[in-house]
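Labels run A, B and C following the written order; every chain starts at residue 1.
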Amino acid sequence: MDISEVIEISGTVAFAISGAFSAMQKRLDVFGVLILGFVTAIGGGTIRDVLIGDTPVNWMRDYKTPLIILGTVIATILFKKYIKTFKITLFLFDALGLGLFTIIGIQKGIGAGLNPGICIALGTITGCFGGVLRDVLLNHIPLVFHKEIYATACIIGGVLYFLLIDRLDINVVKIIAITVICGIRIVAVKFKLTLPKFYV
Amino acid sequence: MDISEVIEISGTVAFAISGAFSAMQKRLDVFGVLILGFVTAIGGGTIRDVLIGDTPVNWMRDYKTPLIILGTVIATILFKKYIKTFKITLFLFDALGLGLFTIIGIQKGIGAGLNPGICIALGTITGCFGGVLRDVLLNHIPLVFHKEIYATACIIGGVLYFLLIDRLDINVVKIIAITVICGIRIVAVKFKLTLPKFYV
Amino acid sequence: MDISEVIEISGTVAFAISGAFSAMQKRLDVFGVLILGFVTAIGGGTIRDVLIGDTPVNWMRDYKTPLIILGTVIATILFKKYIKTFKITLFLFDALGLGLFTIIGIQKGIGAGLNPGICIALGTITGCFGGVLRDVLLNHIPLVFHKEIYATACIIGGVLYFLLIDRLDINVVKIIAITVICGIRIVAVKFKLTLPKFYV
């Protein structure tokens, strides 16, 4: 199990907890909590796979991810009182997962022969659209459209990826991009940085 | 026309009426009522087909289902006053349809070479996600996440299907699984059984 | 660049402005405005491509459309004060785009060997479902389900297309169908025509 697998699992766990937790706040039943955990964790990758036609989608061909999500949701329900204690840890996992998922999406796009701009869009979709689906199912306007910088971190990391890819070793490029995405996200939340808004 | 075709048509009709009726309650226009009827009836199967890559999706390759839904929606609008009279009949059709759609989804998953856990998920998606789309389009949190037991019936029926599949004739297994799903659903509504909820 | 390309670009621009504008009204941030512009402009075609399995979906294989939408959203943000001045122009572009997108969807359906009824549904999805996604993301019931005649224009234009296709030159048929869709839409808005509603 290499380092990127560890990050991917941590990110999946963090995303699943976020979905399950939001569902409990909205007083859904156990099935609702389970589905929200799943949708948040695998939603972005699922939309990506459907858009590029890589089907059956990723999580259907692999026992591991669904089992990890199932276990995470059960643990979230059992230990809901203690989750707030791990708030910062979870946020860091989430930020790491965001970085890694973005890079996974970009690489899938490259593999499908798409141009760099579209690959960055695919990476951003992979990182952010699980949360978009979560919020739509819970009847909110998606947080990622109006809260602290989130998707912008993916876009900046993605642009950096393509700027560096011909100059450095691929693994170095990945680490830099993930670090930048994760770093922007942490700085954004710490200093409550938001994108400008324009009312009409 | 065999028995499972009769059940499938009854289920489609019940789902289409449910969608059309919810749309009328929200004061949508005729087109909105039509779309909600369609989405509720074919939404689950459509998401399933898109996820496994079986495209063009099922209802696009078959004249019958769209025509049945169209006829059902028109009849629902014309006879809306009398529909409440058939409330129990409709509920029974809906429960039967839920059972059959779940089994159809499971069999599609087996056909696509997916593992049993994923097949059960596909069956549950087929049975439940038409209603999820209906509720999202009508700006509700999906009923299936917080009302009487619904998806859980699909999951139990699906597990039973895989437990029995090597021991009994396939048709017997299907009948048992459909009966169990349908039975759980009827008992759940009759006794107002809900899944536990965990607030945070 | 032929005439239908000019219409397609105008339609894309009009749809992107509509999405970006709605997002600004809901006080989304810059990323939210961008995504809403994209989803409104390419959502219908994306759902169509996913349903028929024509992947990677259309906008991923073409630099032009994403760049046009990006430029349109930036211009919408910069010149938001002046947009109301062009309200009528924009509405006309939107109506033209609706007509053209419907015909593009129908032709894709014919290319995929689908029957005429399904092709008309595909055309209607192409024309209308970008707006449906926009409204779902902004937490509204889709306008197209309860406001002035919209989808009905697509359906009528689509039926006309199939009635005329064996009798007239294909380009003449396209122009007639687009004109009819666009004309119905203009008349509907001018005279505030809505479809009948049936409450329950």
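The criterion applied here is as follows: a contact is a pair of C-beta atoms (placed from the backbone, for glycine too) under 8 Å apart; a residue touches a chain by one contact, two chains touch by 3 or more.
The structure displayed is predicted, hence computed values, not measured ones.
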| item | value |
| --- | --- |
| Contact distance in steps, from chain A to chain C | 1 |
| Rigid-body rotation angle, chain C and chain B, from Cα fit (steps of 5°) | 120 |
| Chain B against chain A, contact positions shared by both copies (same if over half, else different) | different |
| Length of the line joining the C-alpha centres of chain A and chain B, rounded to whole Å | 30 |
| Junction residues of chain C, two or more chains touched | 50, 53, 136, 139 |
| Interface residues, chain A side, partner chain C - complex | 50-53, 112, 114-115, 117-118, 121-122, 132, 136, 139-142, 144-147, 150-152, 194-200 |
| In the complex, chain A residues that touch chain B | 21, 23-33, 35-36, 46, 50, 53, 55-57, 60-61, 63, 66, 77, 80, 83, 136-139 |
